[in-house]
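What follows is a set of structures for review.
Here come two complexes built around chain A, the first alongside chain B, the second alongside chain C.
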Partner chain A sequence: MKLQVTGSDLINRIKNKWWFFVLLIAAVLIIFVPLPQAQAAAVDRHLRIEASMYQFTPGVIKVNRGDKITLDLVSMDVVHGLSVDGYDFELIADPGQTQTAAFIAEKTGVFRFRCSVACGNLHPFMIGKLQVGPNLMFIRAMLLGLLAMAAAFWSLRKPFPNLKEVNH
Partner chain B sequence: MKKEVLARFLVVFFVTLVILIFVLGWQKNRSQHTGTILIHARMPENGGWSVTSITGETNQPINLRLTSDDVVHGFAVGKSDQPTVELIPGEFVETTLLFDEPGTYTYYCTRWCGPNHWRMRGTIDVQGEEAAVTNPPPLYLQLGIDIDAPHEADVIPSEPVLLQKGAAFAEDLPAYVFEQEIYLTNSPANVWSRLRAEPDLSALSDEDVWNVVGWVWQENTSPAAIKTGESLYAENCAACHGETGEGDGVMVRDLPKPEAEAHDMDDPHSESTTAGLTRPHDLTDPDHLLGASPALLSGKIIRGGMGTGMPYWGPIFTSQQIDALVSYLYTFAW
Partner chain C sequence: MNRIDLTRFPTTNLLLRSRWPQFLIRAITLAGFVFTILAGLFGSVVGSHNFAIIFVWIAWWSALKLFFIPFGGRSWCSICPIPMPGEWMQKRGVFSPTGKGFGLGKRWPKKLRGNWLQAGGFLLIGLFGAVTLTSAKVTAIILFFIIALAFILSLIFERRSFCNYLCPIGGFTGLYAQAGPVEVRVKDKQVCAEHSEKTCYTACPWGQYPLALKSSADCGLCMECLRVCPSDNIAVNLRPWGSDLGQNTKHNPGEVFLGLVMLASVLVDSVVFLGPWGQLKTAAYEVGSLPWLIFAGVFLVVSLGVLPGLYSAAMWGAVRLGSAKTTFRKTLSKYGQVLVPLGLMAWIAFTVSFAFVKFSYVLPVISDPFGWGWNLIGMSGTASIGQSTSWSGWIQILLLVIGLFWASRVTQQISESKRQALPIIAFSGVFTVSMLWLLIG
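Here is the complex of A and B:
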């Protein structure tokens, strides 16, 4: 066992860990580099959402950035509302009185929309999802996962540099 | 020893003080709400109004404290101009009712709170010196109209009815078409047949006679009444009858469609082929609507039923509101 770390040793260690830096840089790239996105032309979308206790149908809406979204909120049983997180948008509909309003999806990402009127005991769980553009978080997470798997295989293929050092 | 007495005295004093604070607070709280009736609103499946009958006297204010236990409800008194109170879960609202005429009033929920929403009703019995005002029985009872009988129209227009075109023939029409009595007691199809038989109008085409009938119906109402009817329909009727009147509202989606003449009132063995409730009839179907007189339609609104789950609106709507609703219903036909 060596008690003192000499200069050549340090260089050796760094040399043996080059793959670690590659991994780090790849991870940073995956997290921060803007992915090339195919920007679809903005269109007008007319969507009908049925609200019943305690769900929205459909519960997931996927649109492209810049789309003008016209929502019809149809309540099926009691008074329900729909408010989108991150957007200044709210609708409240009574049964038999469909409410319509429009907004432009200019923010990309995944947003929750919730019932905004207390509609019973499970009201807090009445949530839907609005996805504007591709789900970048999901893509990045998948790539990071793949990177982690690749790194695991790489480390298995080569013995650990630290172990080699201890052995000689 | 003196110190011990002092300590004992202090303990007794503070214990008494604590008890007094609670007792006084409770009394103060109670005196604030004496004479106030606390009503909890729940979905009809969970009990509806917690208080379903209230008694009062004329010109004596009735204080109510209202809250909702589950969803958004509303509180209103039928056939009165008391303002509607919105009941938000978790919030208390106070309101005061004042009646100047004795009688039995119905209070009801104004916001759809489930398929049985209309069952959320209660009564207020108002006693008073003066005799209760007796209204004449509704027209359908005076005329003895069977509002359960099928009322298919003998004739229906083959083309869309143009109300403005009918106005052009106003001068040629016999005087009776402008009588309100004729409008109230006849279906559009009846009036059409009667006009068709007039020798003076033989020059008019069948479509033009329909235009005249549509125009006469429009003359018997006003744009303001139709507007009132439209908002009443949206709030109270559209959840079952559908926003476009097609009988496909959100509350009746799972029910079977009504079968024409499935039920015969005169035959005791006749049963509706579909067990239980059916959807309401399609109001946009001219066969069905143009065979109904305003008296018949208002009778249906007042009494409800007809083999469907339709509630009775007699104690809720004033006769003006019912007339407005009827005149709005005919706009589905033209």
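Here is the complex of A and C:
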């Protein structure tokens, strides 16, 4: 699909150009090569998150891999929940109440957490962000972006064939 | 160049040429449209339990970006119910070709031509997005307003003036259809040149003359030209993606503006609906309040100031790095087409991020469209919270990166030199990084 996307001229080029394979290998490397990450010692963290219509405060949490997270979910108005994408973790707090539970942050990356109890109009958009360790996916994505720009830049070596006709 | 003409195959030819298949589909979409309005007006006020919200904003809006446009260009417009009632009046019949019917048939005022009003409509949708996206009543009222407006305008103005100059969806699909893999073109130019009657032009609801079609932006794939051409000289081609982009394409300032508004909208929607900033959501929702005014102000500054500013800066760079003849105005329009692949892929990535999580809402509202406790297909109450997975994250990254590659390539193709392309590629890069950060950062 990627090939057709960029037009038929590219398909012809692939037949006799090696650069495409270099590109592919570079992309695969960027996606899969393990990046070194400084491993901070795991600690116990006690966090308090306030839920109100329609936000979590704080909305962004950063922890290290392996940390034991104890969460206090406090509801400021109506019943709210907190469920973390990719983690099997959910808390539900009644108005004015605090609910507490703990989990180990063993998966790295960025995970959204969402309100899990319908709490009003904007409930589907009540979202927070949990970052465990460095966001390697974003770093890889940026590298892929750079690769894409470089590839586009070098893939057309000469100016496009009919360009002269158009300009003169 | 490698086109597959669908009129060459008996089955597809019959399906496209006969008025019946299209009519049947449009009858269904029209019924669905009316039903959506009813569900919105009389159904549950809880958005996620109302057919109108889920169908318009999750099912249809996603299908448009994931299916209709990438695989069919403006194909949605060929089955769109909105202009149907007006067209029946204009044609005085359901199946008759364009001819003498009701309506004044005035020409659309020159001053209001171009994509400016469509872009404005899209901005309005964005400004009130948090309300329309969550209130079934508002969604229903907007749908009713749109179909009523299309009907009234079709009685005053000729052909599909509403579609051509007002419909925000038409602006969206038209812009991105240029990257789509379908086109209507003439088979043999000579045949057209010798045919003085121009039956196709008379019949075209969109006011297009197929021989002159250079881009698919304004062709609604209605197939009327195919049906009336006495020489069977119209082809419906499958073509490589992005065929309308290249050095022979000329964009006008209106299209550039539309392209920039679309970029701004996808950024702002990502910030508001996918970001962890709760106060912003409330601000966007409370129309008329002070926070909303601030939100609206920021939205307008981004879409009318910051993005056009960055784009202009890139253009200024390109003018400096180009030959002496390049003028700022020409450059501005010329590079407008770069915004097509860039925006299209960003919207698709946004849709993957947003709609996949919410997809579990779709079947339950078919089961219980009004939220009245029905259980038609036994799926009521099965909606889950939904979550995004790292798979969807990687798909979004690939889509955005392909968009950046594609936009950079188009930039290269239309630039005089590699050097001249650099500022525009940088612009695309900055936009893509912002999207990446919002979606997976």
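Heads up, the rule we're going with is that the second predicted complex is superposed on the first by the 138 of 168 C-alpha atoms of A that agree within 3 Å, B and C clash if a C-alpha of one lies under 4 Å from a C-alpha of the other, contacts with A are read in each partner's own complex, and residues count from 1 in each chain.
Here, contacts are C-beta pairs under 8 Å (C-beta built on N, C-alpha and C of every residue); 3 or more make two chains touch, one makes a residue touch a chain.
Predicted, not measured: the structure shown is a model, and the values here were computed from it.
Touched residues of chain A were counted for both chain B and chain C, and C has more of them.
In the superposition on chain A, contact of A:Ala118 is made with both chain B and chain C. Contacts of A:Gly128 after superposition on the shared chain: chain C is touched, whereas chain B is not.
When the two structures are aligned on the shared chain, A:Val78 is found in touch with chain B, with no touch to chain C. Shared-chain residue A:Ala151: touches chain C; no touch with chain B. Contacts of A:Gly109 after superposition on the shared chain: chain C is touched, whereas chain B is not. When both complexes are aligned on chain A by C-alpha atoms, chain A residues 118, 121 touch chain B in the first and chain C in the second.
Those residues of chain A lying in contact with chain C across their complex are 2, 4-8, 31, 52-57, 59-60, 81, 83, 85-86, 109-110, 112, 114, 116, 118, 121-129, 135, 137-138, 140-142, 144-145, 147-149, 151-153, 155-156, 159-160, 162-163, 166-167. For chain B in complex with chain A, the touching residues are 43, 70-72, 88-90, 111-115, 234-235, 237-240, 242-243, 249-251, 253. Looking at the complex, you find that chain C touches chain A at residues 1-2, 46-48, 130, 134-135, 181, 240-243, 246-248, 272-279, 281-282, 285, 323, 325, 358, 385-390, 393-394, 397, 400-402, 404-406, 408-409, 411-418, 421, 425, 428-429, 432-433, 436-437, 440-441. Remark: chain A residues 74-79, 94-98, 117-121 touch chain B in the complex.
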